[in-house]
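Order of writing sets the chain letters: A, B, C and D. Residues in each chain are counted from 1.
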Amino acid sequence: MSSRIPLIVCLVAGLIMFLQYFSAHPVARAMFNQVNDWWQIIFAFTLFVGVAAFMNNSMRAIRRGKERPFKTVSLLALISMPLLAIIGGTKIGSPFLWTFDNLQAPMQATVFSLLAFFVASASFRGFRARNLQATILLVAALIVLLGRMPIMAYLSDTIPELTYWIQDYPSMAARRAILIGIGLGSMTTALRVILGLERTYLRGQ
Amino acid sequence: MDWGAVAAGLLTLAIYSFLYRDNPVYKFAESLLIGLSIGYALVTFWQTAILDKLVYPLFSHGQLLLIVPLLLGLMMFSRFSRRLGWLSRIPLALMIGAGAGSAIPAMLYERTLRQVSNSIQPLVTAGGQFNFSGLVVLVGLLSTLAYFYFSREHKGFLGSFAKIGTYFMMIFFGATFGYTVMSRMSTLIGRVDFLLTDFLHYLK
Amino acid sequence: MNNQKIRWTIFASLFAVIVVSYIITLKWRIPTSPSVQKSYDLIESLPPSSMVIVSFDHEASSLPEIQPISYIILRHLFSRNQRVIGMSLFAEGTAIGYQTLNKLAAEYGKKYGEDYVFLGFKPQHISAILGMGESIRQVFPQDYLGNYLAEIPLMSGVENYRQIAAVISLADGDRTVQWIEYTGKKHGLTILGGFTAAMITTYDPYLSSGQLYSAVGGIVGAAEYEGILGLPGKANRALLSQTAAHIFIVLLVIAGNIAYFKRRKGGK
Amino acid sequence: MRTSSLRLIVLFAVILPLSSFLIASPIIAADSPQTETAWFDRRTLPALIASLVSIAAVLYAVWVIGRKKHLFIREIPGLKAVEEAVGRATEMGTAIVFTPGYGGDIQRPTTIASMNILSNVAEKTASYDCRLIYPTHDPVIMAVAQEVVKEGYIKAGYPDRYNPDDIFYISSSQFGYAAAVDGIISRTRPASVFLLGTFEAESLIMAETGNAIGAIQIAGTDSTIQLAFFIVACDYTLIGEELFAASGYLTNDRVILSTVKAQDILKLLIAVFVLVAVIWSTLNPSSDWWKF
């Protein structure tokens, strides 16, 4: 029983969502929205489970004295956000938004910008003309790099045009073929899931 | 004094210290970011999912059907129990099944059909000229598809054709890399702008 | 040099290249592309106190590229004493739009509610765009701060698109297409675009058909605009920094190959 | 249960409604004017036909080709490395870090394919007694991954070595997650890093950090743009569909292997379609029957 019910739920949910794709009828659309809302509700509960596990792990680490200061910072920060939201709301000018704007958002932007550095170190290491394929990779990257340089528009017509041609034709052709493969792989995987042929996640016990 | 900019600036520098090596300052910023972002997610989902989609419609408008996702959501908590743990697989199965069901036609249409149909162009243009770019697309598409043919060893014709496909893929990877440098650098320029303007007040 | 030291050198040089190139302001005369000139001319030709909608249709991640455009266009609008109605069709663009408007309005001493207003974000963008053609107040009963539109002086007499001189959509995706398709023909609105460099070609067909009046594309477009106004700012700096960064990356690729072939030669 | 009753379920639950749907749909479509509210949305006809052809190909492959004794799949270089990667981590007495990327949720088939590889890696780490660390940005993925890894440890015969705390939710923010994974990689210094799933901008942040500490990195994703970064920064990269095929290759699961065959059949059909359409459009430029 315990293994059968999830499989049936999976099959039914999959079939319903498969069929609704082909319908524009208000009933089908409403059902789709309904399932989406349910999805978000269940997701939110799962988030609470994940956060509970996270807090549990952190508390245990603190008790064991492992990385105590850092885990404490995490926990305090985690608790502070809901607290701030309860005390001052989440509207403009609230401490909650201030914390987001001045602490969280800048850190996120900075982590994102680490990419610029990693692009640099990767381009030093990753574009060596070891063989024909690597050379093609190198040449394509160099042409597009030059063509995308903002002032290139004032220096030359050929390089930007060549860049666009590469992007629109040979590069696009490969991308399309990769996408086609991904579409097919995704489809068969999804089908196996619905038919219960793929159930790594539901096995056990 | 704008304390927000001071805090943001110091935290920006703390994150950058990771580029030297992992260190307590980075670790502090990282722990803070993890905690804040989890807390932020909690607040957002509490408001947008639990309150807006569940509590208000269920209790203010009496949409009783919402008891189903409520129960399914609560089942997730059975994970903490050894005996009832399997119950949490029911909401998981619902989410996985629903996702898979809508993925089949959506993936086939967006990823496969549209890509096929966008690649097709006549080999002779309206002016009667040979369409070289069209031929490049045709060869590129078919040879890359050949690379993804798994049922046969890549030898002989299939092998050489698939090899041409790898050349096209290398063009794609190289071009994509070159193409994205601009936006990646933009993020760094954005931070430098912040540091010089709002944090150090060096630029106006 | 071991790998770690090479990485540190690369990181430090990149940071130095960006900072130095960002501090420099070049007084170069950039040639202006026709589309940027057309955008400038349009705003220049509007009678003062015209109503202009500025829609922040982008996400935070494209801010570095879009912000120079929004800055220079808003500077132009405020300096010409046009009145600005800000809004967003992307949840993430909302806070950005509000902050950007406030910052630039302060520069020009403009008052909230009299010279500019920010309506906030509406999901289901198509119905929002369509609905505003009937009644802006119906779609946005309140502004971003929760004030009722009826109580905002700027909004008195503004019913729908008929009172709007132009829409400026700052987009990193295809939101501007919806502005074009759902307002252009029906309401005869003049639509200007501000786009990331990657999106420019997407809008070429709309530009050549005239459905999109004109566009400012990427930091190059923004720098050209700054050039016309004689206000070299973020775009001018970013243009130089981007160019320097690209050259730096090209040099790194070449240096990587030199190092590789040297080692291979030594190895043999 | 098993195969026979499964087939019955498939037959009744899928084939019958679908085939009647297919027969009826053109009639419904022809009869009803195209409205925004039709039961059958005519715009989705290409997707419907494609779905039915694909489903037919998959069922054919599972039932007919799947019976064959030997199912050949060409070698995929990244996969040989999986064993090597686990072996190296054991030898060096370090951990393995496996993470599915920020772009995916459990709805995405790529995430499921990544789970299959995770299940295989988990079996290996269980028998080698090597620590497996799995940080993720999505609590649902965490829950599923816990099931998958637990199952892998049970299958390998070492249920007691399974530690649910090592499969954890770390942050819903893209760069919070990236910062955390970077921290984990640089502190635990794993011998091997698996980056399999749907990645966004965080791909290179993680891959370069893994590279800096000298880990073997096996990446695979369906995000075409991030593939470029993985190719440049990782030791092995599973490109798009290879990731899906990989899960069959590794687990030697006959069902997955035969669906890979179905994908190949469909690819052949697509190639023929493209050739015919290109020739057709060259001879008759005004035609557009191949436009969807």
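A few points about this structure:
Assume a residue touches a chain if its C-beta (ideal position, glycine included) is under 8 Å from a C-beta of that chain, and two chains touch if they have at least 3 such contacts.
The structure displayed is predicted, hence computed values, not measured ones.
When chain pairs are compared by contacting C-beta pairs, A-B ranks highest. Distance from the centre of chain D peaks at C, each centre being the average of the chain's Cα atoms.
In terms of their C-alpha centroids, the spacing between chain B and chain C amounts to 24 Å. Centre-to-centre separation between chain A and chain D, using Cα means, comes to 15 Å.
Chain A and chain B have CA centres that are 3 Å apart. Contact with two or more other chains is made by residues 44, 47-48, 51, 54-55, 108-109, 112, 140, 143-144, 147, 170, 172-173, 175-176, 179, 201, 224, 227, 229, 231-232, 239-241, 245, 260, 263, 267, 270 of chain D.
Counting only residues that touch two or more partner chains, chain B has 15, 18-19, 27, 29-30, 33-34, 36-38, 40-41, 76, 79, 89, 92, 95-96, 98-100, 102-108, 112, 116, 119, 138, 141-142, 145, 148, 169, 172-174, 176-177, 179-182, 185, 187-188, 190. Counting partners per residue, chain C has 7, 11, 14-15, 18, 61, 197, 242, 245-246, 249 as the residues that reach two or more other chains.
Across the interface of their complex, chain D is touched by residues 15, 18, 21-22, 26-27, 29-30, 33-34, 36-38, 40-41, 76, 79, 88-89, 92, 95-96, 98-100, 102-109, 112-114, 116-117, 119-124, 126, 134, 138, 141-142, 145, 148-154, 169, 172-174, 176-177, 180 of chain B. Of all residues in chain A, those touching chain B in their complex are 2-3, 5-7, 9-18, 20-22, 34-35, 37-49, 51-52, 54, 69-71, 73-82, 85, 90, 96, 98-104, 106-117, 119, 123, 127, 132-134, 136-145, 147-148, 150, 163, 165-184, 186-187, 189-191, 193-194, 201-202, 205. Residues of chain C touching chain A in their complex: 6-7, 10-11, 14-15, 18, 30-31, 60-61, 95, 98, 144-146, 197, 201, 218-220, 223, 239, 242-243, 245-250, 252-253, 255-257, 260.
Within the complex, the chain A residues that touch chain D are 4, 11, 15, 18-19, 21-26, 28, 43, 46-47, 49-51, 53-54, 57, 104, 107-109, 111-112, 114-115, 118-119, 121-123, 125-127, 137, 175, 178-182, 184-193, 195-198, 200-204. Interface residues of chain C, counted against chain B in their complex, comprise 8, 11, 14-15, 18-19, 22-23, 61-65, 67, 196-198, 234, 237-238, 241-242, 245-246, 249.
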